[in-house]
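You will see chain A twice below: alongside chain B first, and alongside chain C after that.
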Partner chain A sequence: MMPSFFLHRIRGFSMAEIMVAVFIVGLIIGPLVLLLNQSTQKTNVSMYLFLAMHYADEIAQQLQRMAPHFDQILAEAKDPTSQTTPTLRDLLMDGNFLNEVKKLDNNFTLAFFQFGAKKLQACLMLSPMDGHFKTRTLDVYPLVSQTSSILGQKNFWKVNIILEWKEIQNGPTQSALFPIILGNP
Partner chain B sequence: MNRLKTTPELIPILRRGFLLWVALLVFFVLGVFVFTFNQLVVNQNIRTHHELLVQTADLLGQSSVQLIVNRFKQGLEPILRQEAPALFQPISTTGAEPKECDLSASICGQFKSEIQTFLNQLDEVQFFKGLFKHLPNCTDVRVVFRLQKSIHPTFSIQQTRDPVEKKGEMIVSCTIEFHGISRKVTATRHFSLVSMVPGPFCRFTLYAPFSPWPHCYTALGICYNGEVDTKYEHPFPQPQSFKGPLILNNSLEKFDIGKSRDDESDLQNRGWVFIGPSPDEAVFLKISNGYNSYSGGSFHFMMPPGTSPNGKYKVIPPEVIEDPSNFNQNAADFKPYLIGKQMMGFYTQVDYGNQQLGAAAMGLWDKDLWPKNGNWLSTDRWRCACSWIYPYGNMANPSRTLIIGPVLVGFLVAYFARNLAPEVTSWQKGFFSPPPPKDSYNPEDRISSVGDPFPIAFRYRSVFLQPPPPSLAQGYTSLERVSPWCSISNPDAPVPTEGIAFNTFFDFMRYDKQPDDKKPFPDYQGEPSLASAKYDQKPRCVPNSILARETNPNIPGLHPSEDVKILLPKSNTVEDTNQDQLYFHGSLREYNFPIDFGYAVGAVPRVTHILDLQMLDDADQENDRVRDFLFRPSTERDECKTGFWIPRRSGIFYILRPKDIKSGGKKMVLPKNIFLDKSLMIVSIHGDMLISGDITTSLPETGGIETPPKGENLLSLIPLDGDIYLGPEAKKIHAYLAPIGPGREGGAGGNRLLADQKPFSNKLDIFGGLAAWEIGLYKTAGEDPRDCGTTMNSFPKGGMITYNPYFNPSAPTYEESRKLIVDDLHIEQKSEGAQ
Partner chain C sequence: MIAKKRQGFTFPEIVIVVSLVSMIMLTIFAFFSSGVRSTVKGKDRLDSIRAMTLLLADMKKDIANAEKIEAENLPLQIGETEDLFPDDVVYDRKVTFTGKDGIFSYSQGAAAKGESSFVLRSGKNARGEDVYEKFGVPRINSFEVLHVIKKGKFGSLPQDFNQVLIKMVLDSNDPRLPEDKLYFTHVLVPNRLPGSDWSSPAEN
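Right, the complex of A and B next:
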């Protein structure tokens, strides 16, 4: 049985109290929600940036390990009827190869090097990318070395590994660029 | 009780603003959490931004380290010898702690500078432009060699030891600064510092430890003028015609015009020859006769055309006896005679008369010696054949060397006297052969003449004009001094009691010849006479060569193979101690490369790369793996342009072939057309190797001129228990070929150099050297435990082996054979913050 003093003495909150409370809640929760939302978005930025680092590192490590063998890959790419041998830029910027690199499958991708329509034996093994990622690509530029190069008379290349993603469907595109330097005879 | 009664009265007071307070409290707590969360997120974002900088710096650091390591893999030894000399010092043999050796700051500075050049071109990684532009900086590069252990800690008999060879760790670090964040990437890799010279056999242009019988190299028919007698058919082990000799050119140097030559260093820098003893202990190399053009013939037994009076018989000029005390030229019956000898090579065909009997038909064998009590038979013609091996070069390029054996040269000598009186003009007068034994020396005897027409016969006395005995003996001594040595071709005489030690005989091969003159080589007339005291004062570098000229020399000049020391060159990098100076000490005849290499004990310490093909059963697949592991196709950016296979890296490669493959089975095929731009040693186990095409260090001909070979790029091919085959297209081989696996119990049946299609259609053309267990012919086919034929059977056209002096462990160039081989993968790579 309910105590008698509750039955007789309890009164509800006044409308004024409730309105003030709601007003104050409104004042406070708005910025908090906004702040929370921003924090959540910033958390996504970190998350995708870390993922981008992972994807880039995966490519960078493989390309660096492959560097001593690029001459063989380039020789395989060479058209026997042609006098010229493709450069590393030709190889890494090949459209078909870049399409393989970009592939957004849910499975591991073997991106075989290609030159023209010729598929080569060497490949990169690439992890599946998070669904928010839109692009994984390479950009290659020649580097100018010193006249008397201590690093040997080789061709040096700047390879930019570029990743792009969108945190939300219609949001702005974010990107990150990771450079490595490669050399080949 | 009173207090309990008053509580309900308090509730309205407490209730007032309660909700507001609760709401405020909740929102305060919520706010604290949200702000904390936000702060965490902000911190996380800052950290992520730093991680991005760290990642960028790490990737650039890793790239830089990789570039530096790859540079070492390409070969940086000339710089390292200057900038890290401790690396090329022998490691302590006392078991002391490992040493460390830093690459000099100047070279590291150059690496740093070049990396910075690249970093300055990375515009895309900038977060800010203009004034706030900040590119990555390379702030430090270091390379340290941690020397762990010597490959050959101690010296052992019969084992090759280069005290500088070692293994260790190479630590390369590079520090990159980017937006205030400094990251140091350190990579550690194993390295080996090894010589590309496989072993002591590389001291030799030709190294053949086993000789089936003393005359196993006697196979070449020669015309009197030095051309090859193609009609001659050698009977052993089955009838075969040899079309050309195997000429050994023991140095790249030609005649050194106008330069005084130091004999010791000259011989030190030349390839030597080791022809192992036969079961009868020695082998004979019968010198070929000849005086033909520069492109033919043997260089030695000749006179230039037109020198002799009638132009027909070319002989070495007679010695002028400069011995007035024993030759009483004032005597009343003095006549101006010269006494001399004609040294002749072996030949199977003369340009006149009997074509089938060669030198024997000319009466150059003493009838009392051979043939004994019988007539000369055409089947004996092989005794007039000469050696298939010309270890002394040829007339176009005489090449001095030292032979270890024992190896004896055989040649023919005829003595003659010549009257200088005007009425005597013929050179071919008064042969008497061989010199009379001392006991039978009688000055009253008349000199027997050989052949017809020889109308003039002399008394010894009339030649020597000596007073009566006892000084007659001095006249005999004079005769001996004029013609001190003779190889008597007595087939029944035991070796090595017959013959002349090669080294003694060729000791005079010194380079005072001018290239364009047509004087005979050596220039006897330019040299002091043998009888002159000046001759004795001439320096000779063959041991005991002076002793060899004494009355009873007991075959001096022989270099037996039992106790041979090969020394490393004295240099600043090798401690001048007895042990560290010794490269090899032991018996060449018993040297066993598979044991020395470590195969027998299952440890191959010098090996830098192992290719294990034991699981493969497809020959094509095996050959593809070998090709792709060792070589890469050339491109137009390479020195040789396209169309060649180029070594992928330097190193000592050990190829483990399937165990069921034996010699005579599937061959390991090297790709066609290899261009050497770096050094490597390929050692395989189980089965044979096939060289299918050219291996060259010189560029292809352009405008008909071929570039000279690059001796510093060394390739050694060594099947441990197999033969090396040359394919029909393998015309030019710039490599040291070493099918050196011994025969059973160190005897017959060892490994050889063979032609893939017998007989080989071309002449051998090797720039490097050849070490094969055996190359000589057997006397009968049944004596050969193998039925594959021998090297001589395979290459009847002969050819030339030119020694590559960079293989010489005793030459000053030897240190260039030591290569720093860096492993393909890091042991460890770490990135850490740097100050």
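Right, the complex of A and C next:
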């Protein structure tokens, strides 16, 4: 004689049973899909972070090589009729200069240092960025040092090189910030 | 009663069940398939970027120590008054850096017909030993370099801003992603070029 459990089973599954089964299967598969998507997302973030790092590095290298000459560049920027001497922040945060740094082009570009409307002789060579990148900009802060006598009475500046990109056209904007320290005598 | 219940499933029941299972399986498969494809593509691109990073690290080191830069053509000179990078520039396929650490050339290496190739770093180090290294095997689709001298001034001091521009196209290494290419450009600056170094005024 067949046990009563099987007798009951032969009648088929109730709606509630099916719902519970589907819910359990969903519980198992849902996190798996989520995990896969997260892994993909992280891979893409790493990829764009790597590219951002290279774009920032070329700016950092050029700025660091110019650092010993910032005084000469600032002297050129100074208006002879004015008493005010521009600072490195004024130079790097100049609107016209930043517009050139931000410019998205398919070819290499020259971003000339500018102060006010005056274009200076020194410039940065910038490479074209991958199409997903939307912005390349700088932000400069003065660093107040208590040990300026040890550091040779220099003025120190923290320059943040900021890059922004979108992985997908209508997706959220991602960004990375690469700080460097510059000193000018 | 038991005999009656053991009739089995009817054909419509089986069709409905198979349809439902197929729909569920297709949805799950679509999710996984797109997820796996994105992961594979991302991983492949990361591998390309890693290959490029390794190459750039060596180039950066060699250009930093270079006292002489030679390419197939003369350097592109951009005058003091020019403020645009020319569009119609012919890039070089090979560049050689000579410095205290040795002589090192970078060029696109030949590979078997129909295959992607690599960047070859070859030359002699300071001890006179031959150097022969391959980068990005077999991902390098194209490798172009350009030595640029931008004439300018630091204040009133004439200055030659030397830089080496790199343009690379990297192919995917995965046969499932035949059209996936990574375009990459970079600017490298030298440290020790006499007379035209960024740190010392040009001799003119």
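Assume the second predicted complex is superposed on the first by the 142 of 185 C-alpha atoms of A that agree within 3 Å, B and C clash if a C-alpha of one lies under 4 Å from a C-alpha of the other, contacts with A are read in each partner's own complex, and residues count from 1 in each chain.
Here, a contact is a pair of C-beta atoms (placed from the backbone, for glycine too) under 8 Å apart; a residue touches a chain by one contact, two chains touch by 3 or more.
Here the structure is a predicted model, which is why all the values come from computation and not from measurement.
In the superposition on chain A, A:I29 contacts both chain B and chain C. Of the two partner chains placed by the overlay, only chain B lies in contact with A:A56; chain C stays clear of it. Of the two partner chains, neither chain B nor chain C is touched by A:M15.
In the superposition on chain A, contact is made by A:L110 with chain C only, not with chain B. In the superposition on chain A, A:I168 makes contact with neither chain B nor chain C.
When the two complexes are overlaid on their common chain A, residue A:S46 makes contact with chain B and with chain C alike. Contacts of A:N37 after superposition on the shared chain: chain C is touched, whereas chain B is not. Legend: residue contacts after superposition of the two complexes on their common chain; A:L126 is shown touching chain C, with no touch to chain B.
More chain A residues lie in contact with B than with the other chain of the pair chain B and chain C. When the shared chain is aligned, chain B comes close enough to touch A:P179, but chain C does not. Shared contact residues of chain A with chain B and chain C: 10-11, 29, 36, 39-40, 43, 46, 50, 61, 65, 68, 71-72, 75. Those residues of chain A that touch chain B in the shared complex are 5, 9-11, 13, 17-18, 20-21, 24-25, 28-29, 32, 35-36, 38-40, 42-43, 45-46, 49-50, 53, 56-57, 60-61, 64-65, 67-68, 71-72, 74-75, 78, 83-85, 139, 141, 143-146, 149-152, 155-156, 158, 160, 176-183, 185. By the touch criterion stated above, chain B contacts chain A in their complex at residues 7-8, 11-12, 15, 17, 19-20, 23-24, 27, 30-31, 34-35, 37-38, 40-42, 44-45, 47-48, 51-52, 55-56, 59-60, 62-64, 66-68, 70-71, 73-74, 107, 110-111, 113-115, 117-118, 121-122, 124-125, 628, 632-638, 642, 648-649, 824-825.
By the touch criterion stated above, chain C contacts chain A in their complex at residues 2, 5-6, 28, 31-32, 35-36, 38-39, 42-43, 45-46, 49, 53, 56, 78, 80, 83-85, 87, 148, 150, 152-157, 159, 161, 163, 165, 183-189, 191, 198-199. Every residue of chain A that touches chain C in the complex is listed here, in rising order: 2, 7, 10-11, 29, 33, 36-37, 39-40, 43-44, 46-47, 50-51, 54, 58, 61-62, 65-66, 68-69, 71-73, 75-76, 107-110, 112, 119, 121-123, 125-128, 130.
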